[in-house]
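Below: the structure, in C-alpha cells.
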Amino acid sequence: MRVDRSALTDPAWVRVALTATALLFLALFLVLPLASVFVEAFRRGFDAYWKAITEPDAAAAIRLTLLVAVIAVPANLIFGIAASWCIAKFDFRGKNLLITLIDIPFSVSPVISGLVYVLLFGLNGLLGPVLREQGIQIIFALPGLVLATIFVTFPFVARELIPLMQEQGTEEEEAALVLGAGGWQTFRRVTLPNIKWGLLYGVLLCNARAMGEFGAVSVVSGHIRGETNTMPLHVEILYNEYNFVAAFAVASLLAFLALVTLVAKTLLEWRFGAELAATRR
Amino acid sequence: MAVEATLDRPRVGMGASPAKPRRIIPGFGITLGFTLAYLGLIVLIPLAALILKSSGIGLSGFWSTLSSPRVLAAFRVSFGIALAAAAINAVFGMLVAWVLVRYRFPGKGLVDALVDLPFALPTAVAGIALTALYAPNGWIGSLLMQWFGLKVAFTPLGILVAMTFIGLPFVVRTVQPVLQELPPEEEEASACLGASRAQTIGRVVLPALLPALVTGFALAFARGVGEYGSIIFIAGNMPGVSEIVPLIIVTKLEQYDYAGAAAVGTMMLAVSFILLLVLNALQHWMRVRHAR
Amino acid sequence: MSIVLNGITKRFGNFLALDTVDLEVRAGELLALLGPSGSGKTTLLRIMAGLEFPDAGTLRMDGEDATDRKPRDRQVGFVFQHYALFRHMTVFDNIAFGLKVRPRGERPSATAIRAKVEQLLSLVQLEQFAGRYPTQLSGGQRQRVALARALAIEPKVLLLDEPFGALDAKVRKDLRRWLRGLHDEIHVTSVFVTHDQEEALELADRVAVMGHGRIEQIGTPTEVYDRPASAFVFDFLGNANKLEGVVEDGVARLPGNLSVAVRGRKPGRALAFIRPDDITLAHAPDGPARITAIHAIGPTARIDVDLDGTALEVALPRTGLETLALRTGDRCRVSLGQVHLF
C-alpha cells in the first residue's frame, strides 16, 4: 500500500515555522533574561562588578548562603537516604501516604514555607514566648534561615532516590548479606555505588534551590544587612536601593551557579542517564 | 510467571511476631523512625501550627480576613493570571516539546538543557532580569512601548510574564517523555487508514498527550499561584490591581498580623492540596486509561 | 551439612505460602525442590538461607537449631534466580566480595583472596573474564560467576533458586551437566528450586515435589516418576493422559468402554493417569478410537487418538509405528498398560 509521505512527516515549512516559533519563545523567555543579568552586571565595567561582589555586605551574604547550604543540603541528603531506604527496601502500611507527605513542600508556596516557622518560633508565635525566655532566637537568625531552606529543598534527594532504589530491588543487598556482609558494609559497598549518580543528581538540584531560595528565607530573615541577608535577599535590597549594577553583579553569581548546575545536570543525564530515576520517568 | 513473582518471592512484610528477626535487610526501624521524625519536625508540625494559628481567630475572623476587598482582589489576581500563564505554557510548552522530540536542528541539546533554567535560576534573579527586560526602558519593554504602546512591567501583564517564565519547564517536561514514548506505529496506522496529517495529530497524537498536558498545566498553575520572588519585582504591587496573595501574607506578617497571615496562608494551602488531589486523580486516570 | 526442617509454616498476608512443611536435606546430596509457581518452593529455599523467617516451625543445621540464625552466620551459598551480581563490580570483585567483607581477624590476606578467586574462576572456566562487568557477560557466564561467588565463602550448603530459569535451552542443558559434574567433584550439600520436571529428574539425587505450600512427595527421581504418590504429582510430572472414571465392583470404568481391575478401592469417582508409553494401539475397523494425528519425528512417534470424545496421547517407537501401519483417520483398539488411579 502506498502511504502519503506528508501523512507521516510534517512538510518542511511546518517544521521550520514550528521550530522558529518555539525557539523565539524560548529566546524571549529564557535566553534574554539570562543574558540581561550578565549585561547589566558588567554595565559599568569589571571594576564596578568586582567591587560590588567583594564589598563586605555582599561577602557576608555569600558566606551566609554557603553556610545555610552547607547545613541544609547534608541534612536533606541524610533524610533522603533514610527515607528512600525504608520506602524502597521494605513494605509497610501507609507507605504511599508517606511518599505523598514527602512531596508536600513542593506544592506549598515558598512564602508559606517561611510563614509556618514564623508562626511557630516568631515573637507572637506559638513557641515564641518560651524561646524568648530561654534567649533562643530562631526567626530573624541563622536557625530560621536554615529551617526555611530545609523545608523548601526537603523532597529533592528523596524524590530522586526512591524510584531508583525501588527499581533496583533488594536482591543485591540480600546477596551481600548471605555472603556475610554486615548492614553497614552492605550499604556502603553494594547500595551506595548503585545510587551514587542519583544521589549526586539530587544533591545538585537540592543545592541549587538551597542557595537560590528567596520567598521562604525572605519571610524569616528580617533583612539585616551583613547578618541575615543571603545572596538572593541581598540582590533584592540592592535592587530596591536602585543600585542596579551591584544587584545584577550579585545576581550574576547566582545565575552562574544556575548555569553550572544545568551543565552538571545535563552531563549526568547524558553520561549516567541509565542510573538516574529522573531521566526515566 | 506473574504469580511466581508475587506469591513465590514476596517482599519482606509487616505484621508477624516481633520476637523474631522479621526482616533480613537491616535498618528498617532506624530509617523509618528518622524519616518520620524529620518529616514531622520540619514539615508536619510547622504546617499544623499554621492551621492552629489561623483557627485561633475563629470562623468569623477567618472569613472577615479573607473577604476583605484587598485580599479578594489578590486571590483574583493570583489565580486568574496563573491560569492565563499556565494556558500560555500549555500551548508553547507543547510546541517546544514537539519540536524537541520530533525535529532535528543544530543546538538542540543546548535548547533542551536550557528549558530547565527556570528550575535552576533563583527566582529573585529571574525577577530583576525580567523587570529590566520588560521595563519601559528595557530591551523588550521599550519595543513593546514603541510598537503597541504596551506597558508590561509594573502592571498585571508583568505578573503574567513572570508566571510564564517560572512555569515554562513543567509542560515541556511532562509532555516530552510521553511524546517520546508514543509509538510511531499509531501514527502510521492512522495514515494507512487514510487520515490526513491534521486528522492524525488531532485524533491520535493529541488525545495520547492530553493527560500529560493537563498534568503539566496543573503543575505550572500551582507554581504560578505560589510564586513570590520573581513576581514582586515586576508586578508593581498595587493593591487591588497587581498585588498577589503571597505578598498579602508577607505584608500582614510585617504588620505583625500573624492570625491574618495564617488565615490567608491556610486558604492558599487548602487550594494547593485540592490541586494536589486533583493532580493525583488525574495521574491515576492517566495510568488506567493508558495502561500499556 | 544436613538441614532438617520441622513444621515450617509461612504466611504472606492471607496467603499460606508454606503449610507445616517437614523436610530433611541429607549431607552431600543434591536435592531438587520441584513445583509449579506459587507452590512455596522458593520461600522454602529462602528460609533455609535465612532470607525469610518462618512463622512457625524449626530449622536445624547439623543438628543445631538455626531457625533464628542470620544468613551471615549460616555459611550458605545462595545463587539467585537472576543472579543478583553486583553490577558495579567486576567479576573478580564479585567473587571476592564474601571474603573481603569478613571481620579483620578472619579476613584472608589480599594474596590469599586473589589465589582463591583465581581458583574459583578456573573452576567455573572464566579465567579470562576476571576484569569484566556483569553486563558484559552472557547469561550462562553470569550464572557461573554467581556460582563462583557463592562458593567463595566455602559454604556448607549451596542453595540455588531456579538456576537455569533465565537461560536458553542449549545453554541450559550444557550447564545442567556441568553443575552435576561439579557437584560430584566437590560434594557440597545442595538444594535447587525448579519448575522444570525434566531438570529435576535428570539432575537431582532426590526430588521433593511441592504443591500448595506442602511437600507432596519426596524420593529418588525413579521413585517419584514410577510411583507418584498423588494425582497432583502425577499431573505435575506431566506427560500423562488423565481419564475420569467411576469405580464399582472392583473395576474402574473409563471412557471408551475401557476398564481396569482395582483392588481395595471404595466405589465412586476416580481419576486415572496413564503415561503415553503405557498405551498400545491395534488396528481395528470397528474399534472405539480414531487416530487424529501422527507426529513421527525422532525415535519416538507421538499419536493423538480420539477415544469416545476424550483425547489421548500415545507414544510408540518409530519402528513399532511402522509395523502397525497406522494412518491418520484409521480406527483402532486401545489397551492400557500401567494405570495409576487416584
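Which chain is which? They are A, B and C, in the order written, and residues in each are numbered from 1.
The criterion applied here is as follows: contacts are C-beta pairs under 8 Å (C-beta built on N, C-alpha and C of every residue); 3 or more make two chains touch, one makes a residue touch a chain.
Keep in mind that this is a model prediction, so the values were computed, not measured.
Trainee: Could you classify the connectivity of these chains, where an edge means two chains touch, as line, ring, star, complete or other?
Mentor: Its topology is that of a complete graph.
Trainee: Which chains are joined by the largest number of contacting C-beta pairs?
Mentor: Per chain pair, the contact count peaks at A-B.
Trainee: Roughly how far is chain B from chain C, going centre to centre by Cα mean, in whole Å?
Mentor: Chain centres of chain B and chain C, defined by C-alpha means, are spaced 54 Å apart.
Trainee: When the C-alpha atoms of chain A and chain B are each averaged to a single point, how far apart are the two points in Å?
Mentor: Between these chains, centre-to-centre, one finds 15 Å.
Trainee: Round to the nearest whole Å and give the separation of the Cα centres of chain A and chain C.
Mentor: 53
Trainee: Where in chain C do residues touch two or more of the other chains?
Mentor: Touching at least two other chains: 50-51, 70-71.
Trainee: Give me the residue numbers in chain B that touch at least two other chains, ranges are fine.
Mentor: 12-13, 24
Trainee: Give the residues of chain A that touch two or more other chains, as numbers and ranges in rising order.
Mentor: 174, 177
Trainee: Mind pulling up the chain A residues that touch chain C in the complex?
Mentor: It is residues 171-172, 174-182, 185, 189-190, 193-194 of chain A that touch chain C.
Trainee: Per the contact definition, I'd like the list of chain B residues that touch chain A in the complex.
Mentor: Touching chain A: residues 11-14, 23-28, 30-32, 34-36, 38-39, 42-47, 49-50, 52-53, 92, 95-96, 98-100, 102-103, 105, 109, 111, 113-130, 132-133, 138-140, 161, 164-165, 168, 177, 187-188, 190-192, 195-197, 200, 222, 225-229, 233, 245-246, 249-250, 253, 256, 258, 261-262, 265, 268-269, 272-273, 275-276, 280 of chain B.
Trainee: Quick one: which bits of chain C touch chain A in the complex? Just the residue numbers, please.
Mentor: Going through chain C, the ones touching chain A are 49-51, 70-72, 76-78, 80, 82, 84-89, 97-98, 101-102, 149-150, 152-153.
Trainee: What does chain C use to touch chain B in their complex?
Mentor: Its residues touching chain B are 12-13, 15, 17, 37-43, 46, 50-53, 55, 68, 70-71, 81.
Trainee: Which of the residues in chain B end up touching chain C in this complex?
Mentor: 1, 3-4, 7-10, 12-13, 16-17, 20-22, 24
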